[in-house]
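Two complexes, one shared chain (chain A), two partners (chain B, chain C).
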Partner chain A sequence: MAKKQVKKPKTITKGKETPKQVAKKLENIGHQMVKEIGKGLDPHFKTQLRGRSNVEFDEKRGILTLGDKETTRTFLNIGHAKKFMQTTMIAAKTRDYLNHNKTASIREIYYELKHTVPNSKENTFDGQTESDGVIVDLEHSVDTIREKLNLHANPKGTLYGDITLKDKMHHNDKFNCAKLGRGGWSVMSRLEPEEIEIVKVNAKYVLVIETEAMYERLVEEQFALKNKCILVSTGGQAARGTRRLVHRLHKDEKLPVLVFTDGDPYGWYIYSVIKQGSMALAAHSDYLACPDAKYIGMTLDDVETYELQNVTEKMKDGDIKRAKEMMEYPWFKNKEWQRQLKKALKEKIRIEQQALANKSLEFVAKEYLPRKIKEEDFLP
Partner chain B sequence: MDEAIKEIGAEQISKEFKEHSVAEFFKKNKQMLGLYGKVRSLTTIVHEYVTNSLDACEETNILPDIDVKIDELGREYYEVTVKDNGPGLTEETVGKALGKLLAGTKFHRMMQSRGQQGIGSSGCTMLSQMTTGKPIKVITGTGKNVISLELTIDPKRNEPKISNKKDIAKEFRGLAVQAKFKGVLYRDSEQGPLEYLRRTAIANPHAQINFRDPAGQKLKFKRTLNKVPERPKEVKPHPKGVTVDELITLSKYSDSKKVISFLKNDFDRMGQKSIETIKKKVEFDMNKDPKQLTWDEAEQVVTAFKEVDFISPSGDALRPIGQAHVENSLKSIVEPEFLTVLTRKPQVYSGGFPFQVEVAISYGGKAGRTVSGPEGNEKRLEIMRFANRAPLLFDAGNCAITKAVHSIDWKRYDIKDIDRAPVTVLVNFVSVHIPYTSAGKQAIADEDEVIEEIRLALMQSGRKAGNYIAGKRREKEKQLKRELFYKYIPEVVAALNSLTGANKADLKKKLEKMVLEKLRLEEAEDVEELNGKEAKAEKGEEDGKKAGKKAEDNN
Partner chain C sequence: MAKKQVKKPKTITKGKETPKQVAKKLENIGHQMVKEIGKGLDPHFKTQLRGRSNVEFDEKRGILTLGDKETTRTFLNIGHAKKFMQTTMIAAKTRDYLNHNKTASIREIYYELKHTVPNSKENTFDGQTESDGVIVDLEHSVDTIREKLNLHANPKGTLYGDITLKDKMHHNDKFNCAKLGRGGWSVMSRLEPEEIEIVKVNAKYVLVIETEAMYERLVEEQFALKNKCILVSTGGQAARGTRRLVHRLHKDEKLPVLVFTDGDPYGWYIYSVIKQGSMALAAHSDYLACPDAKYIGMTLDDVETYELQNVTEKMKDGDIKRAKEMMEYPWFKNKEWQRQLKKALKEKIRIEQQALANKSLEFVAKEYLPRKIKEEDFLP
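What follows is the complex of A and B.
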């Protein structure tokens, strides 16, 4: 029944549907449930099983994908009932957004739907994590992406460089991101082509930077203009919008992507999320990941090469645990990364991007990055 | 109060007691007489008066109406008033009944009795005058006349001293005693007079007991049985259960001229063959006057008894309260939500003593002990122990009943945490000879047969209680589930209506119906599972019984 009504067509590419089509998909889920109730059957919806157990690494394509383990949620199940209710609520609300041409942040929809269930002391949603989870479920159920449900996360990340964008949602403003001052452009959380159009790019590659501070350093050193590249800062783990932006620059504009993070397991994981995708959004790797991205630094070899021994820091317990886990991830199972992780576990040190200032403020822009790029001294 | 002892003076009672004054004897034996601990002493006093009242009424086939009042006169200073509607005492007997120590009816009678062989009412008189210097007040009405008097005991002569005797022109039949005591304490605890009366009422459904505590609170334990229970048959004591001092006491009251005839006449199952064996074992002439029996000689006799094979005593004299009567009184006093009562068939312990066990498990209502916890009042397991209907309030830890209750794996009967359950377990141990652990007579010895029999009774009733509790829990779970689903239905219906335009009321009705149907099916499965479990449990118990029977046969 689900197959009949919830179209999982291979013809309509996920992420390319019109709002009307998405609204229709949501309605179909509702119709199917109503039909079931009419027959006295426990209403259900299907979603893909999330979490580690259903995440696979597609070696051929170099991205994380979600396995085909499906899970069925029904109403007449003590463990599912509340989630079932929450899912119908989110489905109805997002369909409203689509019909009324509104978009909302995932925090806003949480607050819009949060209330006390009548005649009880229970909330419809206890915290945003509950509604966030249901949203991801629903993306799977109707086989679309969050942005198509007119939902978005809080924006994070900045963009700087000779690239011209057009904001179709705001008077069709056209702007060059090297001319917005030192702060650059704040990356939106929704970066679908119908909202933000990439008009023109004048760059050879994209440099993704973990910390805002390093990004500011490179802007100040005029690195982007001198080296003809685009700077993107993620501010820690990259937000969905930032990942989508880097993906588009990579896939659509054919720019190589280089990632520059702190030399520690956390930083390396940020790199892997940009390159192969994340476990939480494994289903969306296709339009978020950049499988050809390369890692520029920091590595623990840099410590020796640039004699940074006196500015390293001790790895924390969390770093050690993370490094051990990462060694087991299939997408880290190549000799370069295994060696790097082993080294980290052996030496138990980490090195921050900004430790390069130990040489001089300009060192990173004038020597470190140019030399690495010239020699293609990257990790895969 | 009793005809048989009229002729016997104090000097005859025992050489042991003659040497010191009664007061001294009293002081020396306080512990044995249940007069230690301020709370326990007051409970013992109430017990003595109430027991006498119950006995007096039952002997004359009167349904007992007993009023008990306790007034606080000062610090650790109380006045106890007990009034009954019994036959009353004549002028001649009142002194002996209340003013002469060790003059009672129970000493030389062997029947299933409440008798705790405590201090007796005269002991209360003694205690009252020793602690306050005041006489006790008595009003007695025999139906012919009503008199009031004050009474003390002459401690040197162990004789009553009556003063202020007055005729009262009032209609009254029964006995009212009022006595003051110092060094005692009223507590509303598990071992206090209130709990004693409550349990006495439960075990004596034919009695009505009214109580007014020192704070002026009144409590009424209503009668649930309008028939005085059949008096237990008086049986001669079985030689195996007799102690040295009991033997001496019996010998003092015997009409026999020789020890041989005393043993033959006054003991159960005493045949010529047994006498011959005993003769060979003792080192004195058994033709002597039993009244002249010394402690040492009595000890030889009791030792000899142990080596003789006597026929087991008969179980005819056992008088349990009765299943229906326990049920009624618990319903009236504990008002449980669920109750199961079981009176088992008589068994024997120690190779010959017949006994019988009655068990009741009450759940919910006023069942269980109430204690105040951090979150208000909480219920705890309550174990009501009785020996021949007399409540046992003290020394619970050493008692076979307590041990049996704790040896049961209550989880098997769906009672997850028995100690914190609103449960009252009643066990009445019925026997001509109760195997007490000590002279305090507050705990039953843990003879294997006794423990096993109590256990079997508890398991049998426990299963019934467990079924009820499990059913109740299931019902509650079902209700919670229904509420959970019902709670979410309006939200789901509103969302589906918004998505599809489907009719809200229609969807709601259908979903609610589906929830009920689902819960009904689940319940059916549960019951099926439970039935399977129960069949197993029953089989297990039968097997247990067979094993027990085998063990018995081997004895």
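What follows is the complex of A and C.
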């Protein structure tokens, strides 16, 4: 793989509006409604239709996208009225956040806006799923991502390697993630370029790792420094902040991304979400997906190659169901993955990353990963 | 609370052996066995009896401890033979780790040692619970903790605030955890003084927080810097590395510890484990517990004080069961906690930390925590 030294980050392709501009877009929704009411019309709100019927796989770009089916909600439709109210509440509140430079988690905005409507027994929101849904509507409506509405999900994930970040919202702290001991940097929920600048990266590629324990192993083996790579652990399914970080390293810093998970449908799905994006957030693949990512392991072939039969486990029912679903996904419709998924369904075994310790603790860092990288022995 | 500026860490009270000395202790187990075999005797291995029958609550010290009941395993007892073999395997392997300066997670050592015994269908270990149990036996046998056997659990947790750490095992990296942007330092699984030195702390107390999202809120509100405290998020039940860190700040750096969790039995149990230790690891409370920790919230009284009735949730069956159990624990047998637990069982509601956003995003940092701290409105 090509060597890479980057000093300055490039701007991202989409969503370059300033917070003030996003706030303006939200205000416009309100102005439009007020205008309609003034004219005696039923106020309306437009968003994209979500759900599988409007999710498409863009083969050319290798990412999931949302089709252009739209849906319109009107206030005087009794089936829409509550959602209409919820949408205006979230729009008004996120506009406040943007104007006052505040950010909130999606759980906080739910709690902040939840109350009983005066003179009624009706709650504004009956659960976080309701506010989460409205947030996605609003993202589509103003063509942005929640982070640019100053909302975010919970953080998770760790970063290690020769990469210098600057937090422009926190005293312009500048720190190198190879110099924080073996712990590394705790990845924030917000990884927008306006907040976190990638000052410098000195690496040949990014290795995304499913488990924190494997991340610790590779740090102890000095894998990142010896192989000039960046380590990102996801701790299971990657949080949005972590996906955004990997995306930026991939798109803006032009680093190849290799994904290393357990050898089971859950791990392969983690890979798929990093590479193509997820169905639930199909509209945001431009911000989150890494279409050129490659899968380095574990595979069921590794079990044979490295004689790991002793340390496999039985697949669970959930894994079997997921493997069957995955066989039907267009982005797994290639020879290599179909073979892998069929093998899983036939043998009904899974293999964990940490099972490589059966060879020796150093094996993963000294033999397994280097050989795969040298021979480019990846799945697409 | 007293102001605190510490420059040099003090040594911990127990477990001061060097890795070589611990390795020697492990070797002695082997020498003893060889001697017994040489004399034609049945080799044996002694450890402390675990399980509730041998767990005691030390009222005076305010921590859970293990009683002095012992158990002896002999090789020629058919019921003990497999465990005997497992113990010698783990002892030999951890001795290797210590002599070669390697560390491993408890999952890795399981995988490393798992294999089929030649000429049999018998596996050395049939699941990680088997190796985990043997590790605890060994800890007791050589009177130490797993970290000093170079073993550890998975990492989890984040650290933020004016504290400078040095990782002696990683280029002597020195870093201040208030200068890593808003992400903070990802707490390692290993927090032993031989590896991570606390170079300097400039704080009046430690605030331990259950959720990562509340941690992010307090960082955004600059709570740590304005109130001169250290923030530690546990992300649910605290991992051992995080407990060890809080313990060291408490015992060695003499900082008061305040614990802030959701207002439900699960959150209160998180508090209890940080304060008194856990039953499963009762023998290690000296390394892990913070007997003078105080509970700052959430309580069910907060629901009334701050009119949060709208944003409570129903207690789950598991919460109810746990609350009933907790009422019987000696360390919850005080007026305040009995009242709180009874209230929970009567009202069957729970309240999340983030529900404070119902007042305003800033409320927790500007009113809730400062008032409780000023008035020392804590539970014991």
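Methods note: the second predicted complex is superposed on the first by the 366 of 380 C-alpha atoms of A that agree within 3 Å, B and C clash if a C-alpha of one lies under 4 Å from a C-alpha of the other, contacts with A are read in each partner's own complex, and residues count from 1 in each chain.
Keep in mind that, in the parts below, a residue touches a chain if its C-beta (ideal position, glycine included) is under 8 Å from a C-beta of that chain, and two chains touch if they have at least 3 such contacts.
Being a predicted model, the structure only gives us computed values, none of them experimental.
Visitor: Could you say whether A:Pro118 touches chain B, chain C, both of them, or neither, answering first, second, both or neither?
Guide: first
Visitor: Hey, is it chain B or chain C that touches more of chain A?
Guide: C
Visitor: Looking at A:Gly38 after the superposition, I want to know if it touches chain B, chain C, both of them or none. Which is it: first, second, both, neither?
Guide: It touches chain B, and chain C stays clear.
Visitor: Which of the two partners, first being chain B and second being chain C, lies in contact with A:Leu76: first, second, both, or neither?
Guide: After superposing on A, A:Leu76 lies in contact with chain B but is clear of chain C.
Visitor: Under the stated touch criterion, which partner chain does A:Glu212 make contact with: chain B (first), chain C (second), both, or neither?
Guide: Only chain C is touched by A:Glu212; chain B is not.
Visitor: On the A-aligned overlay, A:Pro155 touches which partner chain: chain B = first, chain C = second, or both, or neither?
Guide: After superposing on A, A:Pro155 lies in contact with chain C but is clear of chain B.
Visitor: Is A:Ser53 in contact with chain B, with chain C, with both, or with neither (first, second, both, neither)?
Guide: neither
Visitor: If we overlay the two complexes on their shared chain A, which of chain B and chain C does A:Met85 touch? Say first, second, both or neither.
Guide: First partner only.
Visitor: Kindly list the residues of chain A that each of chain B and chain C touches, one partner per complex.
Guide: Residues common to the chain A contacts of chain C and of chain B do not exist here, since the sets are disjoint.
Visitor: Over in the complex, which chain A residues touch chain B? Could you list them?
Guide: So the residues of chain A in touch with chain B come to 26-27, 29-31, 33-34, 37-38, 40, 42, 75-76, 78, 81-82, 84-85, 88-89, 91-92, 95-96, 117-120, 122, 124.
Visitor: Could you please specify the touching residues of chain C with respect to chain A in the complex?
Guide: Those in contact with chain A are residues 102-105, 107-109, 111-112, 114-116, 123, 154-156, 158, 165-167, 169-171, 173, 175, 179-190, 196, 211-213, 216-217, 219-220, 235, 310-311, 352, 354-358, 360-361.
Visitor: In the complex, go through chain B and note every residue touching chain A.
Guide: By the definition above, chain B touches chain A via 481, 484-485, 487-488, 490-492, 494-496, 498-500, 502, 507, 510-511, 513-515, 517-518.
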